[in-house]
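The following block contains the structure, expressed as structure tokens.
Order of writing sets the labels: A, B, C and D. Residues in every chain begin at 1.
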Amino acid sequence: MSEHHTPASIAEHILNNDRFSQWLDVKIIQCENGYSKISMLIREEMVNGLGIVHGGVTFALADSAFAFACNSYNRRSVALDTSINFIKPAYKGDELIAEAKEVHNGKSTGLYQISVFNQKKEQIALFKGLCFRTDHPVK
Amino acid sequence: MSEHHTPASIAEHILNNDRFSQWLDVKIIQCENGYSKISMLIREEMVNGLGIVHGGVTFALADSAFAFACNSYNRRSVALDTSINFIKPAYKGDELIAEAKEVHNGKSTGLYQISVFNQKKEQIALFKGLCFRTDHPVK
Amino acid sequence: MSEHHTPASIAEHILNNDRFSQWLDVKIIQCENGYSKISMLIREEMVNGLGIVHGGVTFALADSAFAFACNSYNRRSVALDTSINFIKPAYKGDELIAEAKEVHNGKSTGLYQISVFNQKKEQIALFKGLCFRTDHPVK
Amino acid sequence: MSEHHTPASIAEHILNNDRFSQWLDVKIIQCENGYSKISMLIREEMVNGLGIVHGGVTFALADSAFAFACNSYNRRSVALDTSINFIKPAYKGDELIAEAKEVHNGKSTGLYQISVFNQKKEQIALFKGLCFRTDHPVK
């Protein structure tokens, strides 16, 4: 493996090893230090009887964006506390985009905010994530 | 469909129509008014490269327990704000049990707390969910 | 009382009747629909033995900014669920500024995000507030 | 100062140095490892124009109970992320009781849940607090 790890190569490494994000079929759009933007298409097996996406799926997309942003410095970070507000329902066939921004990059912890939008740029959810930083590299 | 809806029959109705909870293979253990207990086995496609369950999967299990408990009065309820604290990692092969308890059953909103344990009764996560109550029946 | 209520006149009305915000000595800087910016000076009686502001004081400032922003449409709104992340300590003598921005203005609920900064523009805290909207006017 | 520090003596030490908790006039009822129970009377200067307690005051009481419980091992701990759900309003003259229970006592972090009740044992609020543990003693 190369010595030079960029936020994008770290995110790809995480994604390549994350079976559940693969099931979600998460696509990486952009990764920078403390930042990530990813997307996902809502499939039939992600929804309930009304065709509305399960909260766990929206959470998982935001959580993946959070993981890419908070691990971007190649310092393995684990989620401590996360919260999500559901603003609008999303439906089968919608394309969801999650954008993670860094609020704080501390010595032991990091705070991130992830906004989830649909293809009409309507906000679907707001996610807040606090991570604990270990001293181990991601890759 | 029968006129008499119990918390268990409502939960089964929700589960039967929820494709994602079916993918998770959620099993209903017990449902009462304002209460639910469910379980799930962690499979290979729910974990990351380290064999640790994806946060979205743990969230989804807790969110399903939340849905069964807050819809138990046959008044359709939707999640407004949820938060989850991750306490211990869970691994492939673990059986997770989520137990939802009612903190408050209000006119327009309801507040629930869901504890997630593994098969050794170690607490994996703590979830808090606030729902908005509509005037529509669940079934 | 005049028929025309602006976000600023509603905020002043709330402040004039709020004994605790008066004790905090909250100053209103700006109020618009779904937006507010206020400030407060940290006094001796707001801190602990280390001279660090009590979490309840920072929360209260953010909560006041939240109240001004979510009541700005003259529709009485009450806090349902709020969370706050503490990023940096604040000290006696610091001037804290809280800025509330609207994430979502729904029919029954509203979602707001409040950032608290010190006089050096360092972020002290991030607050998220969900309110329930009643049909009563504020004034 | 004596070498032997009990949860109660640590809580008293914190309280003796905390000017804001003194203003609140917090009374310690019981302190154990990972546990605390405290009370407070709602005074005129803690409420708004409707006689309803300010959210910041309820938060502050819960936050103080959190501080006593999470510092009970004499390892200085600081709040990272806290959330509070407001369930019922409290009024001038009410006596509020906050009880903090430990959900998790980790190496670097701790998770606590604080329930706030009024004198009729009605639940007023539910608070969740995550702390970061330093290697410094409290006293």
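Worth pointing out:
Note that in this section contacts are C-beta pairs under 8 Å (C-beta built on N, C-alpha and C of every residue); 3 or more make two chains touch, one makes a residue touch a chain.
Note that the coordinates shown come from a computational prediction; the quantities given were computed from them, not determined experimentally.
Under the contact definition stated at the top, the chains bordering both subunit B and subunit C are A, D.
Farthest chain from subunit B (centres taken as the mean of C-alpha atoms): C.
By number of C-beta pairs in contact, A-C leads over the other of A-D and A-C.
As a whole-number value, the distance joining the C-alpha centres of subunit A and subunit B reads 22 Å. As a whole-number value, the distance joining the C-alpha centres of subunit A and subunit D reads 34 Å.
One simple way to say how far apart two chains are is to compare their mean CA positions; for subunit A and subunit C this gives 29 Å. Listed for subunit C are residues 80-81, 83, 85, 130, each touching two or more other chains. Taken as a contact graph, the chains are fully connected, with every chain touching every other chain. Interface of subunit A with subunit D (complex): residues 80-81, 83, 108-109, 130, 132.
Interface residues of subunit B facing subunit A in the complex, by the touch rule stated above, are 14, 16-24, 44-50, 53-57, 59-61, 63-64, 78-86. Within the complex, the subunit B residues that touch subunit D are 83, 85, 87, 103-104, 106, 111, 113, 123, 126, 128, 130.
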